[in-house]
Amino acid sequence: MLLQRSTWPEVEAYLQQSDGIIIPIGSTEQHGPTGLIGTDAICAEAIAQGVADRTQALVGPTINVGMALHHLGFPGSVSLRPSTLLQVIVDYLSSLAQHGFRHFYFINGHGGNIATVRAAFAEFYAVAGDRRCPEPDRLRCHLANWFMVPAVTKLARELYGDEEGSHATPSEVALTQFIYPDSIKTAPLTVEVHSSHAIYAADDFRRRYPDGRMGSNPALATPEHGQQFYESAVAELSQSYQAFLAAD
Amino acid sequence: MLLQRSTWPEVEAYLQQSDGIIIPIGSTEQHGPTGLIGTDAICAEAIAQGVADRTQALVGPTINVGMALHHLGFPGSVSLRPSTLLQVIVDYLSSLAQHGFRHFYFINGHGGNIATVRAAFAEFYAVAGDRRCPEPDRLRCHLANWFMVPAVTKLARELYGDEEGSHATPSEVALTQFIYPDSIKTAPLTVEVHSSHAIYAADDFRRRYPDGRMGSNPALATPEHGQQFYESAVAELSQSYQAFLAAD
Amino acid sequence: MLLQRSTWPEVEAYLQQSDGIIIPIGSTEQHGPTGLIGTDAICAEAIAQGVADRTQALVGPTINVGMALHHLGFPGSVSLRPSTLLQVIVDYLSSLAQHGFRHFYFINGHGGNIATVRAAFAEFYAVAGDRRCPEPDRLRCHLANWFMVPAVTKLARELYGDEEGSHATPSEVALTQFIYPDSIKTAPLTVEVHSSHAIYAADDFRRRYPDGRMGSNPALATPEHGQQFYESAVAELSQSYQAFLAAD
Amino acid sequence: MLLQRSTWPEVEAYLQQSDGIIIPIGSTEQHGPTGLIGTDAICAEAIAQGVADRTQALVGPTINVGMALHHLGFPGSVSLRPSTLLQVIVDYLSSLAQHGFRHFYFINGHGGNIATVRAAFAEFYAVAGDRRCPEPDRLRCHLANWFMVPAVTKLARELYGDEEGSHATPSEVALTQFIYPDSIKTAPLTVEVHSSHAIYAADDFRRRYPDGRMGSNPALATPEHGQQFYESAVAELSQSYQAFLAAD
Amino acid sequence: MLLQRSTWPEVEAYLQQSDGIIIPIGSTEQHGPTGLIGTDAICAEAIAQGVADRTQALVGPTINVGMALHHLGFPGSVSLRPSTLLQVIVDYLSSLAQHGFRHFYFINGHGGNIATVRAAFAEFYAVAGDRRCPEPDRLRCHLANWFMVPAVTKLARELYGDEEGSHATPSEVALTQFIYPDSIKTAPLTVEVHSSHAIYAADDFRRRYPDGRMGSNPALATPEHGQQFYESAVAELSQSYQAFLAAD
Amino acid sequence: MLLQRSTWPEVEAYLQQSDGIIIPIGSTEQHGPTGLIGTDAICAEAIAQGVADRTQALVGPTINVGMALHHLGFPGSVSLRPSTLLQVIVDYLSSLAQHGFRHFYFINGHGGNIATVRAAFAEFYAVAGDRRCPEPDRLRCHLANWFMVPAVTKLARELYGDEEGSHATPSEVALTQFIYPDSIKTAPLTVEVHSSHAIYAADDFRRRYPDGRMGSNPALATPEHGQQFYESAVAELSQSYQAFLAAD
């Protein structure tokens, strides 16, 4: 059930059954010569909808611009500053908390978001009361990174070994190929990729990773792999979401 | 051409041809008993893609949560505070301006966004230089509200007369029906609707407009109407976008 | 009744009669070779006092520096950033709302303020409760632009036709001549003025409008015209203010 | 020379002679049963104009709402939060610094502003460069509190002794009587005034100083005294301003 | 070499040798019935000094109040909001970057800081250029959490097994006992401790962990253990710091 | 009693006896060729602990980075911007106010902090209620500058006369020599020192005061003097703190 395609009376009815919501968060950033700039948002959104279908959950609108300052050396990358993204999340959650939502389950597609999202959760718990949300001490947020789910990392290791890398990975590229088979890109991947994971300023990033990839070989990706990743992630995150709702 | 489904080398190539980008901005807010909560984002995004198809333009990711504080009395509405939305827009545009984009054409689906978007444009022009964007004095932003386009308001008047109203209008509902024919909702529209347009705090809004509609009768909407609105808006905004690029 | 020349017991007594206040907002910005830099603040303040005289209303201190970033290419222009002006308005209104004021009627002299003022109203309604203002859902703000009042625009059209332009207009210059007859300036208006209304960054503005005027011929202004504008605006805004107070 | 009543070419010409500007800053706050709410702004503005007349200086628009949070327990008091006032000052000064102004001389009418103004100066020096003001290391700000000028405090002591107090003082009331002889207020001053100077929260302030006065007897004020204060302050601050401009 | 006990010429000389600095960051928060409120700052500071001694590095002043909002249910806990801590770090690093420091190595004593510190690093890289730091693309930050160092976690597992827990742990308590042997506290640890790690709002935290411990038995701590932890952490982090400086 | 070396039950017990806390605030900034960069924090902290010992008071963690923007021209100086420091203080005090602390006594070692600290106090009183601190109208803050205490300034005058100066003074250097006798620095003080006190931007500061001293001769300092200063300050501030607690 998508919030964007629901009416407010439907949400009102939903709140009788559940106080949980799934919020996809991605990014808009270069993903190497062949990866889609929206990869992280596309993946998070698709998996979130898959989880919601399985669990009868509501999915909020995708936060599609995240924290990708280090990718700004590549054209088309768009980023919020951490201080901005933090406020976005606080406003988003405060809105819903006023209606009685209490369990906020983020499905995230981008490692660069993790720190800011976690910081925002902490700020939200403190601010919710200032903003007169009901029962602020009962609010709970959870961040699930689909690409770190054990079933996903296991599959990636089996399929790609070391060539999975850490950015513009074949696993995420495969998933976008499965979701948008008409948007499969090819390009020569001739630049030698580096596998170090240190990330500093945007210009430094581009110098280290000249075509945007970090130790990855996205040419290994196939839509069929993408489907496998999709199914693995949806299955595992559906259980995780239900455990989150059920937990004390 | 969607930024989210492009690669960075594709964007780099695009910038050889054009320094313009279309940015859809909507909202996540109640639209009466039958309107979709994502109506404003859905409409803006679809029209933006239509305009981009006609004009070979690039479309950025949709800003799907806007300024809808006055709708927070209805469950499922989500809003940024104006001060937050302003920063979001500044960050978004600053990112692109660093890559050489200069013409930012917003297609907006929500009246409540107008003030904050315009304020953000002014802030952006001043801040762009601080953030070392190249040639800040050559940056240009334009806000186009699809629902205010003459061809659209004329059509709405013809089809619905006074029953168009000003929120949860049959025109925007028709457009979502055309875009998502599987998400057409029905519900009794028995509450007497008020047609005053004054908008204050969220609780006041709900008291004045108990089911969320403002003077509108969305039961008049049909998907066929929606297609007409879509085509009218796309045609007119395509011309507007090209004029914006061509202007001195 | 001017807040600045009242005592607190007088304000306390006033609040027994009315919960309304008029707030003039202007700008400090170039107005062409002959227009006063304070034009927008001077006009808004004078008209506000005129309205207050007619309606027994209280007038707050003038917000005399507004949003004029696009005029900063001309010496003497002073501007708040939109994000700052927004906070100024929120603080201003929050202070008064704590005392029981509920109807805030802004009389504005500057088009560049409109977006930020409206954004600030929305922020204020949300923030007022966080700041423990009594009955935040009963707070109401209204923005009246004296230069857009029908009686004023009609008069300007009659007197000046196309030479009214849109900045450093003869109508506003006339009004300042009426208010400060000792400050009437003359200068050759030889630069060809442009009538396009597009406004972007400050440097771009100065390039387009080299002497600061936008399509206007302020040489047509006379103090007598100014008096007519004053009386038209005061009459019409007095009715508007009373309607605002009386409205449901 | 008032900035508000000048044109931009006049300011351009002024900058050939001087890079100094005088900025009055006051407050909008209760001043006891008989003091005007605008006292601090009125006094600062009048004295600033007097100084400017003597020194051929330019006077910027008055910052008429200052930091008066502790007075908010009395109706009609309006305050910016310190964090807001700080930004107002930074924006104000940054605007002028872009035009070549370098000496900013504040004439202040309110003790409660001092801390925030000084903090803002420090922030401004650091921020001016970020905002691309020319030669940020040559910017200089000075805060002059008219009520602390030796000639003024000496006169107050002679005229009023201990009854000068520290808020709603006869000296500032006298000055407003001189400036606005039509706005002289009378009221019984029967509440016992306290002379402690500790200031904490607004409610605490009202409890300590129930009619708003702090150890003062404003009934001693006369317009003639006001003139003396005016002339003393103008004379001394004129010298101070010129010394500020001349200093290395 | 402690920055606080050095002179600026000493720092100037140091910068000839190295552009690295170690910055301890802790927290001020409850650590169960027997743990010191300053535990996290005390440990980070001591280890940072140990590392600096070994590596001839400079140590900056300790950030002793961190992100501990979830501990605010216990008296004496002090926290910055994430949005505040982020700005603190950005200001701290911007100051040093202006002097030529480029390698910023944080030694952290508190898990709750991690997200905000990482978010701050990203903000810093972007903001450093706006603030005119030299060569912003060469700035590098690293976050080292002493309690996650392999040698430390191995030792904790050996000494305490499951009783290490995750807050108010015997390892950190032991380290403070080693550092401040005069401040060893004893108290009955009778409350049943919970070992779940979910952390939400402050009130929720106190309900879950009524005496502040999270699954830990700090009664196992001894000063001798503390010395072992100290030496393990210092050895391993010294290598890590040197590798950070040496890295490409 | 140091908060950092106490447990939360000890703080809980303390609150039964007292609602006061002493908060040292210093700075991290150049103090001339021989003064320690941490001088202001070191002095404030030592004196605060001395006062606390005498008065059985609790001492919070030292705010060791303050407002020293004007010193940033010298390597090793670290500063918060005033807007950041203000938020730090508000967060710090809000945390403690939630536990029942009501009297906040700052012992300050740096003149540059005064304005921002006072501004922060005003902001705190207003914000405390928004953040749901209990009884916000009973919160009280006091700023005590140890170097301005009569006993201290008298002693400095006696010992050093005009050579006390106003920055990197022999009195504060003496105090650090008493506290850290192993960190006594010597260097030739050959640069002619200027005694003007005007402070503007950082680059201007360095130009005026090329070795960082402002009219001072720290070579006069001795550890014995330092002890005298320490004892004078502790004695006088202990009385002041007790008077603050006892006051109505």
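For clarity, chains are labelled A, B, C, D, E and F in written order, and residue numbers in each chain start from 1.
Basically, contacts are C-beta pairs under 8 Å (C-beta built on N, C-alpha and C of every residue); 3 or more make two chains touch, one makes a residue touch a chain.
Everything numeric here is computed off the predicted structure, so don't read it as measured data.
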Exercise for review: Starting from the Cα centroid of chain E, hunt down the chain whose centroid lies farthest away.
Suggested key: C
Practice item. Name the chain whose C-alpha centroid is farthest from the C-alpha centroid of chain B. Key: F
**Study point:** Centre-of-Cα separation between chain E and chain C, whole angstrom
**Key:** 53
Check your understanding: What whole-Å value do you get for the distance between chain A and chain B if each is reduced to the mean of its CA atoms?
Key -> 24
Exercise for review: Return the distance between the CA-based centres of chain C and chain F, expressed in whole Å.
Suggested key: 46
Point to revise | Two or more partner chains touched - positions in chain A | key: 72, 81, 83, 87, 130
Check your understanding: Which chain pairs here would you call touching?
Key -> A-B, A-C, A-E, A-F, B-C, B-D, B-E, C-D, C-F, D-E, D-F, E-F
Review point. Mind pulling up the chain B residues that touch chain D in the complex?
Key: 129-130
Check your understanding: Which part of chain B faces chain C closely enough to touch in the complex?
Key -> 67, 69-70, 72, 81-83, 86-87, 112, 114-120, 122-123, 125-128, 136-141, 198, 200-204, 207, 247-248
Point to revise | chain C residues within the chain D interface of the complex | key: 2-12, 15, 28, 30-38, 41-42, 60-65, 72, 74-81, 83-84, 87-88, 91-92, 95-96, 98-100, 180, 183, 185, 187, 212
Exercise for review: Please give the residue numbers of chain F that touch chain A in the complex, ascending.
Suggested key: 130-132
